[in-house]
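Once you scroll down, you'll see the structures, which are given as structure tokens.
Next come two complexes built around chain A: one with chain B, the other with chain C.
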Partner chain A sequence: MTAHHNTALIIDDATTVRMYHRSLVEQADWIALEAENGVEALEKALEFEVDLILVDVNMPVMDGYSFVKALRTSDTLGQIPVVMISTEAQLVDKDKAFAAGANHYLVKPASPADITHLLTLLTVGEVQ
Partner chain B sequence: MNALLAQFVAESRDLIEAASKALLDLEQNAQDKEQIDQLFRAVHTIKGAAGLFEFTPLTKTVHAGEDLLDTIRAGDVPFTSDVADVLLEMLDRCVDWLDQVEAQEALNEDAAAIGDALSQRLRALIDAPGIGAIPELSDAAPEDTALPWPDDVPALPVSGAVTLVTYTPSVNAFFSGDDPLRTVQSTPGLVWSRIVSPKEWPTSDDLDPFLLHISFRLVSSASQDELDAHFAYVSDEVTYEAIVSAGDAPAEGAIDEGLRAMAEQLLVSQRSLLASDQASPAEDHCTASVAVVLQRVAQAVSIELSPELDADNPRATIDQWMAILGAALRKPEPKAVAAPPAVVEEEQADEPETIKQTASPARANSHLRVSSERIDALMNLAGELIVAKNAMPFLAQRAETMDETGELVREIKAQHNTINRISEELQSAIMQIRMVPMSTILSRFNRLVRDMSRKLGKEIQYVVEGEDTEADKAIVDELAEPIVHLIRNSIDHGLEDPVTREASDKPRVGTIQVKAYQLEESVVLEVLDDGKGIDVDGVIAKALERGLVDQDKVNNMTRTDALQLVFLPGLSTKNEVSDLSGRGVGMDAVASMVRRLGGSISIFSEKGRGTKITMKLPLSMAVQRLMMVEIGDGLYGVPIDRVVESQKIKSSSIRRHRNAEMVVLRDRLIPLVRMRNLFACPDVEDNDILSVMVVDVDGRESGLIVDKFHPGVDAIIKPMTGVLSSYQCYSGTALLGDGSILLALNLREIIECQYH
Partner chain C sequence: MLLKKNQSKAPVADAMTVEDAMEKIAHPEAAQRREAAVTLHGEEGAVDVLADCLRHEERQSVRGAAVSSMIAIGSDDVVDFFIEQLRGDEADRRNEAVYALQQLPEQSSQKIQSLLSESEPDMRIMAVDVIRLLTIPEAHLWLRALLSREDHPNVIGVAVDRLCEIGSVDDLPTLEEIKARFVHDPYIQFAIDHAIKRIICLDAEEPI
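Entry: the complex of A and B
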């Protein structure tokens, strides 16, 4: 049995939010990668093995929707689960997230419990 | 303060500054789409981050501001001065609140009322006629139904409503057979507990160890009935508060329920994703990601998925998997679902605060926020290294007397060169860290100019040039105050009101310009206005009236020299004190602030045309290069950035004029200071050739007659302390490599001395 080291890519333009998400991700014994916008995130995703992406919606340069759309066109990165975390809480916003290709949607600020649960549920299991 | 909160405060301050700047730019050009976007984004980001903490008034207010900006962005509400006023007030309020958060990690009690009032005013602007209904604050804020999460309780892995129990056992608990700790530890549904020590412990003499002084805070997910039953015997010592973990959907019960609920939500989300319209090839990849999610969830909750994924028709397999998972999650098997979260919980309980070290390759961020103390410490060390390095030439000198082949001397010199190069590079690298652009302070004054000009009914534009010019953070920070005074002076005394300006054929809108640029090892800042200028005769008259100069001296002054009198203490050209600029702080205070930083200041003004004040400051305050000169038997240092040139002159070329000695160097007339006289050393009259060091003080050149020039050294000048600090002719001391002390000359004082 080889333990896989789970890696999450945190994308948000607010340093505070990234720091918050990072602390939860690392508490769950995941590796945290950070990016400030979609473009930086795509570069990180290409460079490292990423198991889960937590992405904000409203960001400069490349927003969350465009990021997920771009990600989903890639043969190598397209199947990575993506959780969108945004301050917008309306149904339309949720629909937009799914239309862009997100696997889940959380309203910001996501509680520690929600993120911890998500990480538990989306852990890559041991390779038998 | 915890790191996250500190980060929030720092980041929000930056964002507020950016927002203010964008707002003021917008006032100039309300159509600037880019500025609106930037303003919106800054406010949006603050709101997002604020939501992580329980600063409801802050979050609420910023949210209202964001909604207002959103309607402005959409073009539904025009951007007017009124809108700008309220938004600026919101930003000011946020700064206040951040100050409070920084000081006490909480907002003052009045924050809620202030926040509500401000939010209402912001929202009132959205509801202006012609605007459709504005959606209500979207999600039902949990803090409305239960108390917000208390500050002293860390974020816990719980969902929804829990109970915060405060248990204060009787001081005599040990005598009544109670075991408070055991009671706490056996609390049903215990998630977290903490021992609270009393605010003040009795002194060791008064402390009775048989009495119980502490109390407990604990969080439990158990129902109120269970808690009542558990604490039945100590019910009068226990208080309960219902609290809700922020942003959570209310959950019925324990922690594993939260995980199950999240798994169910994930399933619903996967259905939504599959139902959404996707173009190819995104569609296939979305399907693949859903398969990944389902497989991981199944593994996490220990559910077997079958059959294997059909690569040709993944949708069919996924539908089957969904059915299996959905059924399993609806009827949770306690064992299967409870196991994984228990593990998570345990790990967190063990080390809740630690951020685990992992060998991640991508830990590095492109920017670091480092406290300035750490950089200062580094700078001091580099400074000491530079001084220590100065010992090498002395060593080489001593070796010369012992070393016949000269090999050792050569090696020491070679090593000196290497160490010299490295320490210089080290120093400049550290200085680079400390360099910040002038824009960090200059952009703030937009607001000052705007507010003051509105108040005084003047129309003024503020222009900044060279805001990218960098200087040491300490210098830049210290410069803020003098610049504020200068700008205030210009607005208050310099610039005229629009009517007067038009009458004198000037543009209606006055201009204040701040220019920053680097000149050799100095940074130069100019504050210019196109106002009415300074009345030189008025300055002279006032200086005479106050007895600051005598008539004789005035007769010898050029008009530019006379203008510099404004920097003398006790001279103010405006008779009445204005409530804006005249708070007892005049040009003399500005000048002394600049000089304290080792800088110089000069003024140039033309009546009716405007005024220009030039400040020249060192780029850095740490290590300075000093030129050493010998006077009498002593060595003295002169900051090299003050030295214009070193010259040998014939004593016969000295001209006398009204008790002053001067020399003509090329086309300039340089007044001379005999340093030997000043230091009361005996004259060396037989010297026909004199060494003159020409220095620049506040834009005026003077020649110091010294005995001998020595090479320059790098040194850290430490200010004089104690009794010595009253010797004004020295600016400080520096340690030389051979352990001796070098006195650095305070040139301004020396030249003043000579003239008085």
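Entry: the complex of A and C
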């Protein structure tokens, strides 16, 4: 019997950011999926079992807020924890993220400690 | 006269005139507003009404038509309007503006270059986002100049990400200098290492 690995979906239009978050996710023994925008991410989330979503705000095609709002309307995907990771550090930006349906908000560049701490909490079911 | 099956013999409604469209862009029905926005495609005198529409319109179908019509006009006023939108609070409107400016490389390039020197880091990030898909040869030099003077880690992050795609071995000293300046920032260390590796591989025409 193979061990179960949690899966994180990383959504960012910047390749380097996706690679960086992938490296942190994989160091925590999670599986990483990647998407360049909200539309591609919804397709991936429908296709694969996803335990956590890390999403940027400013992206072409579908931005992070629109993605989270769309996700929250889905019967099948609506309960997935979402961490919004943005360059925007104002309180109003965090409020917008939470209003859209995000569970947590990190300011870029997120530290390895922040990401791995979240993954650890989710692994033991303490976030949501 | 041959008639195709189901071809209607009813007279076709007259197409909306530009004059009508200038008024109907504010019509209560979204279908009328959309048709008006389409009718104003490339109409230089319609910049103000299209801009006003884009400041208030919520329907995506109308917005898409208005953005296309503005891009077809492509004047300095259009570029200035979309730069104004970059400063807004709504992420989807900022992304719409980034897209529109990317469709107008000749008209927007000099203004985007000046945005790289704005005091607000979010605007510098937006400018790099526009440059991401601007097919202008100078983009690579602008990014190198930005990186040599930039102190904000998020601006550096997006600029390095872009430089991965268009940089050359001439950029390696700048990248090494930033790596030394941001020795305690794990993301910048990661991004610079990746950029250097990728540029060297691309220079040698080897897969990364």
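One rule holds in what follows: the second predicted complex is superposed on the first by the 120 of 128 C-alpha atoms of A that agree within 3 Å, B and C clash if a C-alpha of one lies under 4 Å from a C-alpha of the other, contacts with A are read in each partner's own complex, and residues count from 1 in each chain.
Note that in this section a contact is a pair of C-beta atoms (placed from the backbone, for glycine too) under 8 Å apart; a residue touches a chain by one contact, two chains touch by 3 or more.
The model shown is predicted, which means the values in this text are computed figures rather than measured ones.
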Clash or fit: chain B against chain C, after overlaying the two structures on chain A? clash
Figure out whether A:104 sits in contact with chain B (first) or chain C (second), or with both, or with neither. first
With both complexes superposed on chain A, which partner does A:16 reach: first (chain B), second (chain C), both or neither? both
Looking at the overlay, what does A:60 touch: chain B (first), chain C (second), both, or neither? both
Tell me which partner A:75 touches in the superposition: chain B (first), chain C (second), both or neither. first
Given the touch rule stated above, what does A:34 touch, chain B (first), chain C (second), both, or neither? first
With both complexes overlaid on chain A, does A:117 touch chain B (first), chain C (second), both or neither? first
Of chain B and chain C, which one contacts the greater number of residues in chain A? B
Clash check vs chain C: of 310-318, 364-372, 472-480 or 508-516 in chain B, the offending stretch is 364-372
Enumerate the residues of chain A that count as touching chain B in its complex and touching chain C in the other. 14-17, 19-20, 23, 58, 60, 87-88, 108-112
Residue positions on chain A within touch of chain B in the complex are 5, 7, 12-17, 19-20, 22-23, 26-29, 31-34, 44, 47-48, 56, 58, 60, 69, 72-75, 78-82, 87-90, 94-95, 98-99, 101-105, 107-114, 116-118, 120-125
Which part of chain B faces chain A closely enough to touch in the complex? 3-4, 7-8, 11-12, 41, 44-45, 47-49, 51-52, 135, 138-139, 155-159, 245-248, 255, 258-259, 262-263, 265-266, 269-270, 272-273, 275-278, 281-282, 284-286, 288-293, 295-297, 299-301, 340-341, 344, 347-348, 352, 355-356, 358, 360-362, 365
Can you name the residues of chain A that touch chain C in the complex? 14-17, 19-20, 23, 57-61, 63-66, 87-88, 92, 108-112
Residue set of chain C touching chain A in the complex reads 89, 91-92, 94-95, 98-99, 121-122, 125-126, 129, 153-154, 157-158, 160-161, 164, 185-188, 190-191, 194-195
